[in-house]
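Both complexes shown next keep chain A, but they swap its partner, so chain B is in the first and chain C is in the second.
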Partner chain A sequence: IYDRAITVFSPDGHLFQVEYAQEAVKKGSTAVGIRGKDIVVLGVEKKSVAKLQEERTVRKICALDDHVCMAFAGLTADARIVINRARVECQSHRLTVEDPVTVEYITRHIATLKQRYTQSNGRRPFGISALIVGFDCDGTPRLYQTDPSGTYHAWKANAIGRSAKTVREFLEKNYTEESIATDNEAIKLAIKALLEVVQSGGKNIELAVIRRNQSLKLLESKEIETLVTEIEKEKEEEAEKKKQKKST
Partner chain B sequence: MALSSVLQSESADFSFNNDRSFSFGCRFGQTNLGFGAAPGDRLNFAIKASLGPDDKDGPERKIEFLHGTTTLAFKCWINFSVAERNHQRTASKATNFSSQEQLALLNQPAIPFVIIPQFQHGVIVAVDSRATAGAYIASQTVKKVIEINPYLLGTMAGGAADCSFWERLLARQCRVYELRNKERISVAAASKLLANMVYQYKGMGLSMGTMVCGWDKRGPGLYYVDSEGNRVCGDLFAVGSGSMYAYGVVDSGLRQDLSVEEACELGRRAIYQATYRDAYSGGQVNLYHVHSEGWTRVSQEDVLKLHHQYQEPKK
Partner chain C sequence: MATFFGEVLSVYSRAVEEDDDDLDDENEDERIHREIEEKREVHIVWCPEVAQSLEDSGSNTLQCSDLIIAVGTNAAGFLSAYVLNTESWDAVGHVSLWNERSRGSSRQSIAPLPGEPACLFYRHRDNPAVLVCQSTCYIAEDQLFQWTEKVLGCLQKRGLSVMVLSDSPVAEYKTPDYLYGSAVPFLRSLKSSASKGQALCPALEQPNILTGLPAAVLSHCQVHQIPAVLYQCYTDVISPDSITMETYKPALLCLSKLVKLEPCLSADVLRKFAIITEAQSNLYT
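Showing the complex of A and B:
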């Protein structure tokens, strides 16, 4: 029966289905996005795979076009639909307008799609939040976040999924001009943010970057390990300095 | 319906009954001088001699608008290339039209000669202003340049109704794009929108050959779009029955280092020469200049005045 809406208002003005969808998002694995000066970084918590499972088929960071990519938190199956539609829209835009999409345009498209599902017969909202990153034609880096209700906002850095609040607080404290001064620093900030909530370190982190005028690059586990070791060394050095200060 | 999908609104109902009368209060199929035909309807310009209700076989003197026109546009850019396009429906390109469609095509105002050369100062657009129906001059004061928005122009060749209707629709789409994306639409995108809109009606009798001219972040833009589905970018196009004469003048006069006034004068001269030789072009020469700030109406001059001006020194 498609004549009844599933998402209806409650007496006090809530759309419960949308809020439940947001709960589903909170159960998904963490994803963090950072907007640097010449680089945008996406990091996700990799769920541990079963022994017999092929690791490579579990990908949470997807390219939408050469210059845009997204990570999501929530229902993977829902995300697949959204990503497919977004990919088609990126190409349609190139066809009709003869220009690549801006990050804002494709975010708006995804958000409009999500909103439509909160106001349709017989459909439930998408259970995902997405972090969409990329560069516009004029070289400006962008980071947007969408949520199941269909709203979208631009961010300098954000996190979604499990323990997103913790990660966001960490970012609020540590996202400074100098912390994103170089590409490497921005990547390290993303890893540091994820390490707050991910157990057992670098093995469970998946990282992707887009640099201006380059396509999406997924970092190999070796690179991540190197960076993690670097970070841990820096932490030790910090701790040492503090001890010395205290003792003197 | 293709049009409602174009308008994206269920409330836009463009279905027409064949019984509905058009302008002048005449019965459709009989005397129909209106420009209100809907897409899909056959443009019907027929003055019926007062015979019986027998539309089909009775002797009819149809008002035929030949595509007498000369429209010209050229970009003035660092490398001059003047492309004048000849949009002569009667000749070559025309696929086999039935006599009805012939009429529809003929319902074009004299194809103004639009020269659009590209030059570093932008795009010059020059058109004539005559509309003919066979040997009858229907009007000498047709506006063949349609102002889509302050930085985009469209020229008109082919069916006047088709051109003005679809270009106004294009204006609407451009405005919506601007509001949604907070930036002006590019000339490429605008011409693409128009081409895609009319392509849905391909084969249904639309007759439109227009040049979309403007200035966007890539510089001056010039595209030729027609109802066959052609859409080409170029530096110079001349469209219409007088286009050959225009091409001759522009090709010989086009240089890389033309100033704005010289380019305008070239366009004006080219249209004048076309009106001189082509019976279906005439009236006035309307000249526009598209630059980085938008378009400006440079001049409107009567062809007769230009004739005296050019012929005077020869005496």
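Showing the complex of A and C:
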């Protein structure tokens, strides 16, 4: 009874509805976020669309404002609601204080919204986690992650969705100062992370970047393919070097 | 009766009429009960050879060394993909029944169409003592006893060994620990006391219980001291799914001793039996 009803505490302190909402997040495809020096990158595993479905209406990466965007994993409809509220808040903030939102502000807004739904009667938590990236006015790159409980934290790199654990382990091993030294390297790191868990390579990856003082840019599939080929070549060269080392 | 406004209403008397309606009512009730019972009866329709073998044996039973029952779409899919995929199996019968969720065909003799929920029997050509039953239709609680008695009653108890594979939603699995995503799907086993030998996976922990057809079969085997082992697969997917089907693979160890199995399986064969619902579902992104 503690888990079937609305969000109430169980005797051992669990909020089962929130925990189950986190399970719903795992049913969405993987999304990865990387914070570089002059660039922030969001990469997602493209969902396979039905034959008659318009592909461009199935988007995991959405702009919240010119300088902030987010990727989500979980219930599609819940994401739509959260994104719409965030977009309205971004504009309301601009009009009220005549400044664009900081990434932390809008993340806090989203997280507060999510938390409210874990504490009202008759409502269930939002079944999405979000990766929010962007640049603040002072030029600092930011990456935040929120989850259904309404917590949010800043990250250097993170992943959400189906195989998030695998991707996060990859990032922990491979996110170094040199791996994000240039914009290109940061983008390649995101692709490499996704290739760990995405089947059939580059054509199932969608990538978005924001550079300082520029707006969101979605990479074209050709660009992604080129980068994937580069990565595979580098991998082969690595393997060759290792083989040579072994034989000498 | 006169009302406050002076109108006169005719009122029906609540006095009981002393007619002998009761007897008719009872007969009608009985008739309805009987009709329902007949409608819900479980019928096994065997193919002519098997029907003949049943007649020829004095006790109306078949000689059977191993009966493998698959309950649920994933268990049935596993058997279809890994065991029944060779040409050496004959369809020898089916069970015809009706309930609110399984509206079987009104004429018993018609075999169910492929893909329809049904209870089908297969026998191995080279080893006719091995029977496989795939049950994908819903069998109501009042029909379980009949099903078990009729099916297992057709088989000689001596030398009989039963294996049951059954699907279950992981939401029904009760455990004090949190189940991480990677652990699911998983197998748990249950045996009758006559069953010797190791089960291939941990036993089902308390307070979990079995229900439905697997429980009926295992209870019957326990009562009649037939060695039986059951493998219950807990999965979080509602539809037939290849990963869930692969979870039953440990059972192949036992099955390979009975019949020759296809050594390696292409992914395409498995995919045929699993419904790929991912593309059609827009619920999660």
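Everything below uses one rule, namely that the second predicted complex is superposed on the first by the 243 of 248 C-alpha atoms of A that agree within 3 Å, B and C clash if a C-alpha of one lies under 4 Å from a C-alpha of the other, contacts with A are read in each partner's own complex, and residues count from 1 in each chain.
Simple rule for what comes next: a residue touches a chain if its C-beta (ideal position, glycine included) is under 8 Å from a C-beta of that chain, and two chains touch if they have at least 3 such contacts.
Values in this document were obtained by computation on a predicted structure and should not be read as measured data.
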item	value
Fit or clash - chain C, chain B, common chain A	fit
Chain B versus chain C as contact partner of A:Val49, first or second or both or neither	second
Partner chain in contact with A:Gly202 - chain B first, chain C second, else both or neither	neither
First, second, both or neither for A:Thr96, with chain B first and chain C second	first
Chain B versus chain C as contact partner of A:Pro125, first or second or both or neither	neither
Partner chain(s) touched by A:Tyr105 [first = chain B, second = chain C, both, neither]	first
Which of chain B and chain C A:Pro148 touches, first, second, both or neither	neither
Which of chain B and chain C A:Gly36 touches, first, second, both or neither	neither
Larger contact residue set on chain A - chain B or chain C	C
Chain B, chain C and vertex chain A (Cα centres) - angle in steps of 10°	130
Lowest inter-chain C-alpha distance for chain C and chain B in the superposed arrangement, angstrom	32
Chain B and chain C footprints on chain A, overlapping residues	none
Parts of chain A lying in touch with chain C, wherever the complex brings them together	23-24, 26-29, 47-50, 58, 60, 72-77, 79
Chain C to chain A touching residues, read off their complex	181, 278-280, 282-285
In the complex with chain B, residue positions of chain A that touch it	96-99, 102, 105
Interfacial residue positions of chain B with respect to chain A in the complex	181, 185-186, 188-189, 192-193, 196
